[in-house]
Amino acid sequence: MVRVFTPPTKPTPPERRELTEHYRVVRNLSTRLIEPLSPEDCVVQSMPDCSPTKWHLAHTTWFFERFVLRAFDQGFAAYDDRYEYLFNSYYNAVGKRQARPKRGMLTRPGLGEVLAYRDVVDERLLKLLGTCKQEDYASMAELIEIGLHHEQQHQELLLMDVKHLLSLSPMPNVAYDSELEKSTVLHSCDLRFLSFDGGILPIGTNPADGFCFDNETPAHEALIHPFEIANRCVTNAEYAEFVADDGYRRSEFWLDAGWTWVNTNGIEHPMYWCPRTKAPTSIEDYSEYTLGGDRALAGAEPVSHVSFFEADAYARWAGCRLPTEFEWEHAACETGDQSGQFDLNVLHPRAANQNEEGTAQMQGNVWQWTSSAYLGYPGYAPVPGALGEYNGKFMNGQMVARGSSCLTPPGHARVSYRNFFHPDKRWVCVGLRLAKDA
Amino acid sequence: MVRVFTPPTKPTPPERRELTEHYRVVRNLSTRLIEPLSPEDCVVQSMPDCSPTKWHLAHTTWFFERFVLRAFDQGFAAYDDRYEYLFNSYYNAVGKRQARPKRGMLTRPGLGEVLAYRDVVDERLLKLLGTCKQEDYASMAELIEIGLHHEQQHQELLLMDVKHLLSLSPMPNVAYDSELEKSTVLHSCDLRFLSFDGGILPIGTNPADGFCFDNETPAHEALIHPFEIANRCVTNAEYAEFVADDGYRRSEFWLDAGWTWVNTNGIEHPMYWCPRTKAPTSIEDYSEYTLGGDRALAGAEPVSHVSFFEADAYARWAGCRLPTEFEWEHAACETGDQSGQFDLNVLHPRAANQNEEGTAQMQGNVWQWTSSAYLGYPGYAPVPGALGEYNGKFMNGQMVARGSSCLTPPGHARVSYRNFFHPDKRWVCVGLRLAKDA
Amino acid sequence: MVRVFTPPTKPTPPERRELTEHYRVVRNLSTRLIEPLSPEDCVVQSMPDCSPTKWHLAHTTWFFERFVLRAFDQGFAAYDDRYEYLFNSYYNAVGKRQARPKRGMLTRPGLGEVLAYRDVVDERLLKLLGTCKQEDYASMAELIEIGLHHEQQHQELLLMDVKHLLSLSPMPNVAYDSELEKSTVLHSCDLRFLSFDGGILPIGTNPADGFCFDNETPAHEALIHPFEIANRCVTNAEYAEFVADDGYRRSEFWLDAGWTWVNTNGIEHPMYWCPRTKAPTSIEDYSEYTLGGDRALAGAEPVSHVSFFEADAYARWAGCRLPTEFEWEHAACETGDQSGQFDLNVLHPRAANQNEEGTAQMQGNVWQWTSSAYLGYPGYAPVPGALGEYNGKFMNGQMVARGSSCLTPPGHARVSYRNFFHPDKRWVCVGLRLAKDA
Amino acid sequence: MVRVFTPPTKPTPPERRELTEHYRVVRNLSTRLIEPLSPEDCVVQSMPDCSPTKWHLAHTTWFFERFVLRAFDQGFAAYDDRYEYLFNSYYNAVGKRQARPKRGMLTRPGLGEVLAYRDVVDERLLKLLGTCKQEDYASMAELIEIGLHHEQQHQELLLMDVKHLLSLSPMPNVAYDSELEKSTVLHSCDLRFLSFDGGILPIGTNPADGFCFDNETPAHEALIHPFEIANRCVTNAEYAEFVADDGYRRSEFWLDAGWTWVNTNGIEHPMYWCPRTKAPTSIEDYSEYTLGGDRALAGAEPVSHVSFFEADAYARWAGCRLPTEFEWEHAACETGDQSGQFDLNVLHPRAANQNEEGTAQMQGNVWQWTSSAYLGYPGYAPVPGALGEYNGKFMNGQMVARGSSCLTPPGHARVSYRNFFHPDKRWVCVGLRLAKDA
């Protein structure tokens, strides 16, 4: 009765020219992202969750060197033997490495040397793309595509990490010129709930249908009960009411671990909100740190940089709940919203358009916490080899966030994309969308 | 098409006489459990997860006083005003309390005073049971039943905690005389896998069908894909092969958080195994700490006191996986095994009988880790009031264990029972049962 | 010109009868001290600095067994082989042992068994005292005397530790009936400073002059500059002025490490002061926890349970300083005050008598912090063997406190006695006496 | 009889031209020190004890701006208001500041901006030096001299901190070209002990006798007992014998706190020794990290980068002890050795010349641990105002090191100079010299 798994099929690789262009575009964005940064900005690690900018640039390059050039480049020789130790992230199968919380100790190689490393690997890889044997091409193209999506993930991480680092500084901390003031909308569209019937519905994707990470596979069927989901994300103004209603001081809204987290860390508001008075009582009393500097907190924009615990508590306070990741995916498939767009001049979530119908802000604004723990789908198996460590080994203790954010590079988002973070993490550009039982 | 929720209905309460007898039996077991213990054994807290025996005895009593006597006893006066602070466990709605890791600082009231407190509350409650108005009876009986199941949970915790405490002592540490030697079986039955077709199947229970905790509700339908599940739990002998195969030193079997846990804590074997040599190579090189003292590690018995991380790594090493809690529940419903029996003389898991058919050891031996994160069922809502904190607020970061153990008191286990622990906890009498995709 | 060291000479041992009586008296006091305590009170360890009462009773007994009986008792057999592991405190030369912070895990042997152990060792030792060969007597008597002074140290520790443990309880926590109310004096004598000329003066003592610990040796000469020292200790009333003058919030009075300590731990008043209001402003706003329970804070009594950091900050606030241990010893020699007396009914410091001349409260009230770091005297050498670990290895990072306290057993104090604690310790019954340059 | 204190007298200030030249020379050395470093090297903080190079450069500049320009420059305006927060080190009297362990988070202002800040302050200060009124000159000159000695302290810290940072890198880590190989001497001179009679002897200095820090005052008399002191420091070869004799595994040589430190941190050799084999047995089995890169460990050179605990344990193993700081100062006064010389090409301690008489290596090689706790001299009073925090508030928990090291800038060392560190610190270029009782 129940269709269980579509066996995954290899996708047709893109043309060489197309892949070459894709490679250039993605790699080029990484270096554009660091233009406003100094060498000092690029070396410091602001907390163990973050990596130095320079490390992101080098690690993504090492990824191509290690998994593509080494496998397909005739006469391959490592650019520098020590880089494998320095720039391996977490692949135990590859070997030992610089401890994660010590990435910021690596003052050498300097930023210039890392950029030179990028150039050399790019040159070799682009040459290989043009010259490799046809029989190798499909396998190589698959790895290159993983590498490009991997680099895009690090582009978003890089922006998150730069934001965190610069937010710590008592100095003026504008990273990116921005047109934020112009684009701010005063009022978000009204909150409405859309109803869905549920049923036995398709979830996930298969590689044959286009690029995806292994954690989105296999495509399978899931039983979804009838539910309602909000047309847009929760706004700063709405969230400020929760704060004003003593939301952070009333245990009844919080999971036990969240309540401990709030009290241990003295949490009183979202991460980048900054009270302008000793006893703030409304949204006017806060400014917000953004990649364009400090500015007034905009009530119509989606609340961002909240932990799962905060999202979950807000939802309970609002008499709702978070959607499951399956509900979110089903709603996204049905409504087809792809509203967000990556814009280096507006690296900030934007208010939902008042005239928008269906769902808004499913993509390109803020990631959206779900109530789903990050686990393997039925029949899930990691890809073989070292890359099997990419996703599978993290399937414990983390929660799924869906959608994508204003920091997600173009072409990276997918409706089946599963992002995942520990429930106390807030340096992600993540917010929430309400749901409830039908 | 899909039947979603059966609305929960109030159960018919038991007769007064029956409930009185139930109360006597359960409460009496608590005091029998401490017979072999000294006042010193009863006051010390061996780690934050554990509570002192004396605290268990007092807290379960306070539960009846606070939630039953206070609500239904005319002219109620608290036995001692300070006890609410001392013996409230985690009910924020009730008020402030002794910090959990400091429960062991409470040398006063002493064991004798706590036993006197038990007597007074028992007397009042039994009197109330006989005299309360009929219109109150149903509500009161419901709370008493929760209190009795609550006390049974603490009976198992008490035994787990005593085992942990006594295991720390370099002195002879026999807590309970035991007939372990007589009952040890040399060979477990062979490992076989039973196949299930899956489908849309009933999961959970409703209060109308008998006592259950709110986390087992509502009864609902779940989509289960075809699977196979082992006829019995993994044995010490089988687990020893994993150890001998360097299972604890090979990252490929471990979740990332598990690998960190293993290396941070220097984990090399299950919690109560004790190497008899510097470099143990087989099961003969270990003894095992039990509530009956140290003894040779018995190969045919189920491995116990392993963390979720260990269970999960073992399953991956064995080319299998852990079952989901839904697979486990479905298999248990179908096979109906109720093999275990609580026996104060054998507080230890026992080998599966060689002749057993279907599934063995579903109940009464070791809890069994599942691959399911502990989350609310579709439509789950905590009960109103302070008791709503009983289960719901812990639905984050924990994994579900199913079945019951040799330390679970008689009458406490259910096929829909959901136990839950953080994935690194090992002081629970918990093991694992293998599963795989069909 | 300078007389440097008097070579230490062995003292004449006391008569057997006299030593026997001394032994009985000292050992008997230990068991009298625990009369008001329950087995539960005796097993719990309230913090790593403290030891369980039961452990003190067993350790002091083990000291006699290990260092006297084992050396002199023909046919010696250990009472229990495991006790050496359990009850060795810190003698590396003797072997491995129960980790100090885990002493509270030892529920077994129970209090009864420890008391039985005491009886057996006492019986053997008293018998040996009567029967040992005359040629062994002097050596044995020396060790027994060390053992008795060692036991007296632990009697004071036991009282300090019980006070700390019971202070943690929200329950009524009277340990010892007390006549505190009757003995409280309303006004202390006036503060006066006594002048001393200084010079090259004798410091320390030699074993030939009576029992002393090795850290008091060798007697030697020290250069003391002219100084003044207060006639009595600082009172609670005086200390309360420092508190009211924002002493805990003004960095200028504090050593850097003290300032960190104050802010990290949120210190606002002496350890056992308990504010009765949210914003206390005067001494009337505090109660004090004592071994006789909570009572009003008595202004005329010496302030106690302050850290070195607090004592040093108070002195700086008062425009004075702490005395060096040499100034203190010289003043004590010259004025000869032996005011305090151990009284099981008044285990609390007492106000200085208004008519007292010279120095009051040098002994028997509160230990007195000095400005001297705890280091070896010129020519200091630890005694040979395991007992060399008694004092010498602690000569780093601690400050000297001089005098004795109301918890110091009779016959234990000496003018050359050097007590020592880390500068943040406050569970000691310690206060301060002011000094200044002449 | 005893001469106690010489009242300190203000020194005659240097000529304006002389001070101008002194200022130029000292300030110039700071920028020469960073020539081999990249911006990345200059921003990272490798541990809380260390500061980023950039921070050292800015803080020393701020010191002149805050304490000289602000006081004497007419029409003073702060270069940047935020710099006081960023670059104040520990002056509570000045106000709040960047937390010490977070100095490495300050990516902005960048190195270039800090160098520009230096230029502006230098220009202003040099102009002021030429133009200030004569009546202000003496006071200003005194502050400038403090500022220059302060900068020299930070020059040594900068080199220590750079050494620590670069030692963490798995990459080639040569900071400074060096002529180490040429200068290495194969054999040190023989170890001899020089005898001193002791007596009542002058210690410390007064400002009237030339620049000194307040912790060297007042000059006073101290009683020194007869002693012997080694002609040179302990060498690597000698220290290696201690290591080979299991010195790090035998508790009898260690202070209790040192023994805990060794075992908690797994210490097995001096900080920058690097074993070339798994089980090193002699000095040939080690290389050493230096500011000129890794090289063979040179037996004849003084051991360096050992903690007080190691120095003290070595001395005990050798049957000796450390000298007191008074013994050290007296020996240095008598023998007049000023052997070391700062050389940017040899930033490394050097072997003692074989022909040397009297004491060698008193200055300019390695600081030398003494057995003296860092406390105020009799009659010590900090200078008034914020600069009173310079030394006095650290007089607790630290040990005195005497002499100077190969990293100490020219003109900074003095025979009465008191350096001080916590007993576990090893990133200092510090070794030891043996002493014993006469």
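Every chain is named by a letter (A, B, C and D) in the order it is written, and numbering of its residues begins at 1.
The rule is simple: a contact is a pair of C-beta atoms (placed from the backbone, for glycine too) under 8 Å apart; a residue touches a chain by one contact, two chains touch by 3 or more.
What you see is a predicted model, and the numbers here were worked out from it, not measured in a lab.
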item	value
Most remote chain, CA-based centroid, reference being chain B	D
Geometric centre distance via CA averages, chain D-chain B, whole Å	60
Whole-Å gap between the CA centroids of chain A and chain B	38
Complete list of chain pairs which touch one another	A-B, A-D, B-C, C-D
Interfacial residue positions of chain D with respect to chain C in the complex	1-2, 4-5, 90, 92-93, 198-200, 220-223, 225-226, 251-252, 254-259, 309, 371-373, 375, 378-379, 393-397, 423, 437
Touching residues (chain side chain B, partner chain C) in the complex	38-44, 46, 54, 82, 85-86, 98, 102, 104-111, 165-166, 168-173
